[in-house]
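Each of the two complexes below includes subunit A, the first together with subunit B, the second together with subunit C.
Moving on to the complex of A and B:
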């Protein structure tokens, strides 16, 4: 039990923060917990969760991807355009995932195989995809979508359930695979120590390459599930999504340097950061504070991690000094 | 029976030979010691065997079959495992996971991790070597000897037939060493061939069957361990003629410029250091890697805080909390790793030369670029840096010229005490002679020089006195006239 507490320390403290926030809201504004409101809150944050799942993998492997917001916009528009050609929705789904995967593969090739720094590569992609899209759409929205596009033609309540189920399934699959598949564990190994992974015979560039492809694929899914909630698709969606996702992953306990983190933590991080905005409204605080409070939470998460880590390290070295011969 | 053979291996880095025509043979069920001075090529030979580097020429044969393509993965799958001085565990992962990772398939279906099996297997392997370590512990929480044992367990788990142990006892207590030797003997009995690298010659008769001596990248000789004494081994390790002429001139020694009394730092791992350097004197520091030589230099220069003893400059006690304070006191340090610490590769030669003296180059009106240019031109001329323009990036220069730029940076600060850490490592012969000549000129101008070097002829040729470090302190000090290679190496090895 003690080891569980230590291993998941960061996840537990993020969960505690979320619980504290919910308790405060429950006392001051119980109407927050009205089913309709909770439902809205969850559905609104599912696209972010999907991106954050991919971002967790990227960060675990020791990289970063700040191009996801622009990829998201490209995938959203692509979903609308493809649907308008009359392509059946399941095929649109697959096609958008492939488009995301291709953009991810480009990142993965440059970062994994050509060893370029991920922050620069994805910064370039952030600008490139966003402006290419602006140039092509000239800022216009995709309108006149077919009947079966919004909510997959199932109506809002069923559509919301479908979105929820797909997200839940993907979350479960990734959380389980990351822990229980050998390929999942190699993600941790590469992020923990790339050179040790090389010496252990792991093909690190290949792992990085595939992680970026998965990231792109998840962006595709996220973009589609987000787009079907509306009757038209803007050409500039997903602005700032990368920051939301990275923040959620970090708040959820992943080390930005790689090798440590869990998807449960990421889920808590998305929930915590997603709840704050709505909670503020219910608490009667000006929602303009949302971003500032989110920023403060990220800093607090990092600072507590560094402080706890230092404390632990000092305790350990003292211990080692007094009890060296076992 | 020959298990592994390295046949005429040659490997050079940037024109400097790390291995020259080295050959080595390991039998099944033997512990084969590999000894040599710093830089003799031991690490490179091991890296070649484990596929971490690819030799320029020569062959590696396992069971008489040539390994045509090599990489750490391939060599591992062939049963060659190495345990490096710095344990290569994944700090964030558990012991069980560290042992299992990279071992294909893990004996499971659909690439699924069987956690129970992993733990069970880790426990079995750890039990086999008598290590009481929980498979669920996070690797970062283990002590050095524990991490080493986990690595051995990992190698066993990969069915290693060849196991390389690089200085395994360097950080072990006596108990831990005894335990490790027990494990090694058991592995030997089961037919594993082990390459054992160690500077502790006295422990070799207890554990090694044969020994191969490396010197200057060449394999000098292989002996049955029982047939050689550690004295003979030292002679073989040194065995080099005092070749090359050093521009050593007698310089009248002045007042004591720099002095350490009982100087030490727990963090740096050095203790009880007494040392004096007079004006015009060149004092050498000899010792093996890990003896604390660079750590001593760093502590003097304010990179690591000292916690005992005093430091005196011209008889006055000084404290240095940061390199900038050392520079203000005219104490300079040329670091060991030229490319990482000595120069900023992407900056122009001129900026590199003035980097430690910017305080004197900038004023109310900002940087004085005219003065920077003058200084850079003066020093490149004085030290003979071969370059078409001082605005070229340092990365465009050869190793020797880079080192001259690194040295220029410290000469601009007008040092009274100059600490040189391996000043001629990896530089060509011509630049080396120029650096030695420059050292003599500085000594003649009254600079007190402290030179760390792994090259014994250089120490013997250039220094007035040589202090030998071992285990974080100065073991012995030799006068120029009394010092020999054998004596220095013996003292460095703790004899």
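Moving on to the complex of A and C:
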């Protein structure tokens, strides 16, 4: 048991924070736990969860991707435009995933193969994709989508189940393979020590390259699953999504320096940050404080990590943790 | 990091290197070429780009971001990062505003306290980074949300401090000796200080050592933690100083000050040759990087190019610079003779020239398209309206510059259609530019560029009354006709207002519609734009006033933000429906919010809840037909744009002047003018019966 406590130390503290929040809500506003509300809460946060899965992989290999919000907007609009050409929905799904994957491949080439710093490359992409999209669409919405676009033409309740099942499936596949497959373990190996991984025969640049492609593909899936909940697509969605995803991953216990973190933690992080906004409304607290509380939670997660770490007296070098985030 | 070992300047043990290596250790000279090419290009394509006035204007615009970029330089040199500086600006802006106005402190005292707040915020970052040994990226990501959140919480998003004394505003808006912008007297010493500090003192040089290796620096006797503490505190302090200048520049202190500035500052530093891994970077490089970005933005604006290009080109430039840097360093680190280094450098120039040529082609092509479309118009000048209006005294075309609050907002996109229609009929040239998202600072920037460019008329939808009025007065002083449309500036800063509806009129119509639907009693909720949106807050004020006067049995139970995002409006509405189950009506008062509200109500299956608000017909059409949206309020946005261009054109032709009681506006026939307001008419109520007649 002690080892489980140690391995999932961060995840446990994030889960404790989530539990505390839920207990407070349960006492003050029990209507929060009405099935309808939980269903809405889950469906609303699934797109963020998908992005956060990809972000976990990116952060595990010691990189970061701040361009996902812009990629999300590009994929959303692309989904609408493709659906309007009369393409069947399964093909639209595949095409949007490919478009996301291509954008990810561009990041992956520059970061993995050319070894450019990920924060700068994705900063450039954040600006470029967003501005290119604005230039082309001039902010216009994609309207007049075909009948079978919203909920894949299956109706709301079935559609919500489909979205849930796709997300659950992806989460399970990634969580399992990250733990149990060699491919998954190489992601940890590269993030812990790229040089050691290379000596162990792992092609580190290739791993980074593919992680970014997966990130892009997940952005595509997320954008499509989000888009099909509505009957029109805004030209400017996903602003600030990257910060949401990164915050969720970090709150969930992943180390920004790479090599440490789990998808269970990310799930808890998404749940925690996604619940706060709704919980505040239920508690009757002014929405003005939402951002401040989110910031405080990120800092608290960091502080608790350090405090717990000191208790365990893990003999890691003092200064090792302060080295550059890249 | 491995490139720390392959540093070229570590190799020679000579005490003095070539002057070029000392001045440009990271190939910053490339940026000089880029800036030179930009200037050359824009001197040809833009009007009045290459003037002293414009040169000073460019530097003025770069001061706030420049200060952030300066402190970001040592931070990045140590391998750290500070994402919280933009949010810090927002926090210290509202702290100063509150101290000065609400606590009645004098301005200098308020400034000192606010600088202390900056210092405190910086200290929080520093403590988390050095005491808790948390990565700077995550710490400052947390404080990025925290500082902005506190600023919004303190002001409830609504508070907007303005009415500062002229002597304070002089700091941000004035000219010393009539030409030199005041803030340069802060910026230039700051640059010199940073240059001296980082390049000429042992204290400053120690940051490079820390960037190469923290562990090594510690063994070498450098007090790493103290140095880092000092630097992050200074970062908070400088962000506050930037906020002082920002507030003086715009004449308002609001919680959204400095949004997104941190990214531009980081881009400038990295463009200037600093390595994000630490150990490299110069003050000169940072300044050149900053100029490359600002000149590009300004130049595109002056040549009437889409400003989205600035973002795209900056991104390309950023990637290319670090790519070249990476490749050249691989070349250098191989133990080879200088010949290969030469090859690499030639190759670098090749790539750079390529990029610049591509950019030039884009600019040239769009210019050519513009010229061609104008020629086509000129050739087909046969319609009656064109013969009537297009012939101005000198036979020249009027240049009408028109600015929305936000280019990406569907509301303004629909206004643009009408404006373009009018410009075509009149044979006038229409410049349509503005911030991509709500951003008062950007609005000032665009007007400044138009003044430099020299246009005949400027028509602005004003986001921040106090902030923009100074610039508009300047435009009027230069003989440019100024019109405000959609939202007004101060009265003496413009010739006419194209008034589609007063905030009071909108507030009252919305309330009356809500009352009609609800039968005059019950609970309702509002989904607004962002919590700091000035227009919406004004409307809410009049809605509350109207409720108190006429409908005491109606109760506004919640006002939730949507940030102009349809998806967020959707989620907020779902919450409202559950938390306040007695709500009978939800009012969305931002164009993208209403479809989100309607979709949420539809998916909840609550047929007893109705939706109303202020939005565009095309977005709402499906929901109106399904009966979810009972009705919504708006004016004909296309007509608004159309009328604005007609009025602007008539003003510059002197065929319309103060004192007239009506104006002829093409297909709208005669429009009433009262005093200095051109009245489009009352807000229109769209419902099931009439919505099919509209397509915008």
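Criterion: the second predicted complex is superposed on the first by the 308 of 326 C-alpha atoms of A that agree within 3 Å, B and C clash if a C-alpha of one lies under 4 Å from a C-alpha of the other, contacts with A are read in each partner's own complex, and residues count from 1 in each chain.
In this text, a residue touches a chain if its C-beta (ideal position, glycine included) is under 8 Å from a C-beta of that chain, and two chains touch if they have at least 3 such contacts.
Just so it is clear, the structure is predicted and the values come from calculations on it, not from any experiment.
> Please tell me, clash or fit, for subunit B and subunit C sharing subunit A in the overlay.
Aligned on subunit A, subunit C clashes with subunit B.
> Does subunit B (first) or subunit C (second) touch A:154, or do both, or does neither?
neither
> Check whether subunit B or subunit C contacts more residues of subunit A in the superposed model.
C
> May I ask you to decide whether A:198 touches subunit B, subunit C, both, or neither, giving the answer as first, second, both or neither?
first
> In the overlaid three-chain picture, which partner chain does A:186 touch, first (subunit B) or second (subunit C), both, or neither?
Touch status of A:186: first partner only.
> If we overlay the two complexes on their shared chain A, which of subunit B and subunit C does A:290 touch? Say first, second, both or neither.
Only subunit C; A:290 stays clear of subunit B.
> With both complexes superposed on chain A, which partner does A:282 reach: first (subunit B), second (subunit C), both or neither?
second
> Name the contact category of A:260: first (subunit B only), second (subunit C only), both, or neither.
The answer is first: A:260 touches subunit B but not subunit C.
> Quick check on the superposed pair: does A:162 touch subunit B, subunit C, both, or neither? Answer first, second, both or neither.
neither
> In the overlaid three-chain picture, which partner chain does A:17 touch, first (subunit B) or second (subunit C), both, or neither?
In the superposition, A:17 contacts neither subunit B nor subunit C.
> Choose the clashing stretch of subunit B with respect to subunit C from the list 55-63, 145-153, 397-405 or 487-495.
It is 397-405.
> List the residues of subunit A that touch subunit B in one complex and subunit C in the other.
324-326
> Give the list of subunit A residues in touch with subunit C in this complex.
29, 31, 34, 36-37, 40, 44, 64, 110, 114-117, 119-121, 123-128, 130-132, 134-135, 138-141, 143, 156, 226, 229-232, 234-237, 239, 243, 246-247, 250, 256-257, 277-278, 281-282, 284, 286-296, 298-299, 302-303, 305-306, 317-319, 321-326
> Under the touch definition given earlier, write down the residues of subunit A that touch subunit B in their complex.
For subunit A paired with subunit B, touching residues are 3, 7, 179-186, 188-189, 192-193, 195-203, 255, 259-260, 316, 320, 324-326.
> Quick check: in the complex, which residue numbers of subunit C touch subunit A?
Those residues of subunit C that touch subunit A are 1, 79-81, 128-130, 132-139, 141-150, 152-153, 156-157, 214-215, 218, 224, 263, 266-267, 270, 275-278, 306, 308-312, 314-316, 318-319, 322-323, 326, 407-410, 413, 436, 531, 558, 560-561, 563, 565-567, 570-572, 574-576, 578-579, 592, 595-596, 599, 603-604, 618-619, 622.
> Tell me, which parts of subunit B touch subunit A in their complex?
On the subunit B side, the touching residues are 50, 52, 71-74, 76-77, 82, 88-93, 97, 101-102, 105-106, 108, 110-113, 115, 132, 136-138, 141, 143, 173-176.
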